[in-house]
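Please find the structures below.
Two complexes, one shared chain (subunit A), two partners (subunit B, subunit C).
Moving on to the complex of A and B:
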């Protein structure tokens, strides 16, 4: 943006500022890690690291879907309730074998995504309202189907998804990592990814250019629903029981925070996959830091709020790059 | 709106009276539905129209109603305020903490502090040009954290029957005090919105902020005032709720921002800003309140079904509105 004819010193300063602006989430993460290395006892241990990665996995999964919807200038507030729906349905059909139970749970997420997506793409309902209705109604449905109670999950394959390990890596982390790779590939290497960004940048222009706007929007919400259902399955497996009242409660806030702190603007037109993962890690690390140091957890919320404001304030000046 | 092709339709189309009917239905739909629901309920449920039940309905909606007044201004200006639910929690805690010192302070401090936070929200949105959704989302998280921290994560009881309790449990002219306040809030809010230049500026900003700015309207100041009002009303609602419950609960008002947004949207105010009425919002609050009351009366439906019905209801209303506003064009 600046013209090149500037004294060297000031050029350096502005380069540094813009570098920090673009990578604020990484800087904050590194600072927090260093802080923890000094202050938190036993921070640099495998257990601490794997706890962090396991607890962050469901947040990463839902954040990816939310990032896609925000990329189209939409939003998905219903991810937490979709997690609850998947959690409620998972034990109901596990009697027919784990493939059936798992498919049903994921299918429920796809259905929820279809409802959200149809309302947004075909009826023209604003995403915040369509998914707000799903947020309110979805958890109620989940509780009705679960009979208001928590059912145990005993299937070893499903339990492995939450508690198992492969080559020493916790299974939830593998699931999340695969999802990150797939979504990253979708966003960077496919036409679908280009459509998502184009719709978020300028929907009318995208429509006039002949992009399949409605189909893409529908797909985005379906993917978000599917990822949320997957997160619900992983969280349920980790607990060893369904818990439609608590699973995914308020996770939409963490997800939106992760996405925004990670550098995806709410105005759409860009999707930062790696940034989103870092954002999720950052907010999880904040709460872990507070817990590990016996600090009042509520202040973690206040700090998260401050970080959101600073992150967004820093990004604000960058405009469309 | 949905595909961008709408711009090319514009001229020609349905006759004027039909357009007017659709517009009226969209703007006044909530009131029509409200009257229908009341009429049907009065016939179906014997004890619906009893004084006690009506009082319950109105009281149930009173605290949310205060928030909705502020939210209506914010949404018509094209913004959103997600922090109000947390402000209810903070307001209640502030009231509970100060009531032992002096009861007038317990009434004044919550709206003052929450108004100040709202002022901060407004500055970040209007001056720093940050997205309202994000600023108030941070508010939602941070203010709830603050309320929980101040209260040590436990409700704080308000012992004794100081005059403070009267503001939640007493009556003026036969109506509950919180209801009295919400009536005043809606009346003043409605007047300001429809009859003052401030109200016109709110509409202008919601219609097109750029145009409003080019016309020389005080856009920034107007927005800051809207968010300040929204915060102050939410804090006041929190104080009244604490007086009603004889306790400040740091978790009070959880997810109320969603109820408030639903009420405003059901009331026919467009989330895109630039259009809406205070009477619609009032009808929206009453509708949500009645819906809950009916579900309670049916008894067979649990609280889970209540959520499903609320979500479904919201979607029906919004889909109908989307249909009507498309026809309108």
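Moving on to the complex of A and C:
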């Protein structure tokens, strides 16, 4: 824009930036994979790959929900605490059989989402505040209900969700993949998905077009709560025990990073499902790379921070941050 | 006399923004002890002028003199320190602090230890409020008071800094009648103290009650300056709207054709819509095939009426009937299902969803219709989008182009398409041609005509007099949220309309049916 004297060059530069803008997360991911193939010993192995995918699964699950809330120009900070709540409740009702235990754990997530969503949609509390309250209070409640201790989970069906395999694929990865497909379908093919981006893009216009703004907002937080609870179940199953003090701790930060790096602007109006998955994979791969090469983990954090800043900078070019 | 040296003088100030000439050689002066009205329609340049004077903007050309000396204020704080106080329409105070703390915010009295002297602050604040006849407990938190009293506190704060010039931007918009009296008392006091007051308002009664002189801005230029007493209401409105009273208006300046055949049964009946303090018992009806113009000055309640009908704003009382059936008020969804469509005034704020594509913007309202069990049918969507992009001549590189990249006129057509694909019975158009180029403007005016010819009932809101007089089959005139008159067919002339806007029911033109609704 400022180089009007050299239209060709500025056109090229802007084409490149806009290309990178749309696909930055893929580019970064491919670069990092190539780097690992060269540097990291045994990187190209089934074990390495499946470890990466298993560890990233809970992050993908919560990121999908967070992506929906961010798409409406909101946010859900409570996902980690909702994971802890689900983890705390899961063993309590497993005595009635796994369907009951699982349903109760997921229902707790739905309830947390209903509280968040009602505060946002009907009371008009800012999403960051409403879900911050749930972030703080949720983990406290989880510890109270769990009696401050870790309870073992022995139900084989539940344990399979964290440790089992189907056709050689780890169960957590299957759960996450199904969630990705469902959320992707919601976003792309349903009126609900349209409402989400319309509300995030221009809430007044959406309301004046007759969209059910409040109902949609409520649904978005309920879905986010449900996905977080599912992530909590998977993480608990992987551990073989509930752990309300540690499960999902700080995962909201990874989720927001994954969403933003994946190309969903914090100002809403767009939801990038595949981008979010790639964002989650990217940040997980960064920390794995540092660990595998015996590099200090602190530097992984610095690198992640740098990637967040680049992602936000690229979005800023469109005036959306 | 004192009057010869103005407190504040603006000399040939020009201010440009990208693509807009906001002020074009504007000169203005404020004398001691005068109340100077500053009026003009939307976009006339009032706010820009105030911002230039208070140091929010720097003028591109021209000078500002304060107390006879040239000044350049880099920021509002400097103009405040020099003695220019501004009271904005929205209250810029801190709700949780007490009244006294708000009055003395940033200049709290200190005791010998350098601590805030609370007792003295409360005493002084009480004294200031007392002096201007404002009744409020100075220790109560501001937010516990009514909006009107809060506004009065803001005014007390502004005048207690020993200002030489006070700028009031729509100070009465949130005041009750009794509070307006108090405010006028305060202004009278200021006048006696030799303070100059710039008074921005579009309520004509108020202007004539307290202002000495008036400056009318239009399109960034001074349209008129002079003593208010020498100017009739009609002349004032003529200046604001840019019309010469003697000017003979030729038809054909717009794309509107002649009258329309209208059916007998109304398609829409708005009955006694009230939303205090902005709307009072607004009633009118619209017949199929008829264009009803809603006329009025800024703040007359045109957009509020439109939003009340569409359900975009809750109303206190009243009803909306479509084809004889009452619809649920306060719900755009219900209005849309009943067949009402609403093109909002602010395209960017309330119309387009900028990052979504032309396609998604067009089908936004039709989504529930196009979907089965919550699934969007791509085929039905594409057919609709193609049909309307073609019939309206929407120029976009493809239906997938983000709508923000389109020109204003094309964005407006996208929004029209959004509503036309709903096959509405009633179409409300709020300033449909504002801010778009002349070509698109004429196209949209023609389109409005065609739609009426096809039997739609249309409510047209426009600040452009010729759009209303040429486009409408009937005109409903609003003033201060009240219907003040009705013009139909041959009565629709610019002079009749301006007379209504100036004087309301005592103008003697039409309006018999609605006369009892209008309060004196």
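Criterion: the second predicted complex is superposed on the first by the 304 of 321 C-alpha atoms of A that agree within 3 Å, B and C clash if a C-alpha of one lies under 4 Å from a C-alpha of the other, contacts with A are read in each partner's own complex, and residues count from 1 in each chain.
As a convention for this text, contacts are C-beta pairs under 8 Å (C-beta built on N, C-alpha and C of every residue); 3 or more make two chains touch, one makes a residue touch a chain.
Values in this document were obtained by computation on a predicted structure and should not be read as measured data.
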| item | value |
| --- | --- |
| Three-chain arrangement built on subunit A, subunit B and subunit C clash or fit | clash |
| Touching partner for A:134 - first (subunit B), second (subunit C), both, neither | first |
| Contacts of A:26 with subunit B and subunit C, given as first, second, both or neither | neither |
| Contact breadth on subunit A, by residue count: subunit C or subunit B | B |
| Subunit B versus subunit C as contact partner of A:312, first or second or both or neither | first |
| Touching partner for A:124 - first (subunit B), second (subunit C), both, neither | first |
| Touching partner for A:300 - first (subunit B), second (subunit C), both, neither | first |
| Contacts of A:192 with subunit B and subunit C, given as first, second, both or neither | second |
| Touching partner for A:160 - first (subunit B), second (subunit C), both, neither | neither |
| First, second, both or neither for A:93, with subunit B first and subunit C second | neither |
| Which superposed partner A:207 touches (first subunit B, second subunit C, both, neither) | both |
| Shared subunit A contacts, counted only where both subunit B and subunit C touch the same residue | 204-205, 207-208 |
| Subunit C residues within the subunit A interface of the complex | 310, 312, 332-333, 335-337, 342, 344, 349-356, 360, 364-365, 367-368, 371, 374-376, 418 |
| Of subunit B, residues touching subunit A in the complex | 1-5, 7, 80, 124, 128-131, 133-135, 137-146, 148-149, 153, 258, 261-262, 265, 271-272, 302-312, 314-315, 318-319, 322-323, 326 |
| Subunit A to subunit C touching residues, read off their complex | 189-192, 194-195, 197-198, 201-202, 204-212, 269-270, 320 |
| Interface residues, subunit A side, partner subunit B - complex | 75, 119, 122-126, 128-130, 132-141, 143-144, 148, 203-205, 207-208, 213-214, 253, 256-257, 260, 266-267, 296, 298-302, 304-306, 308-309, 312-313, 316 |
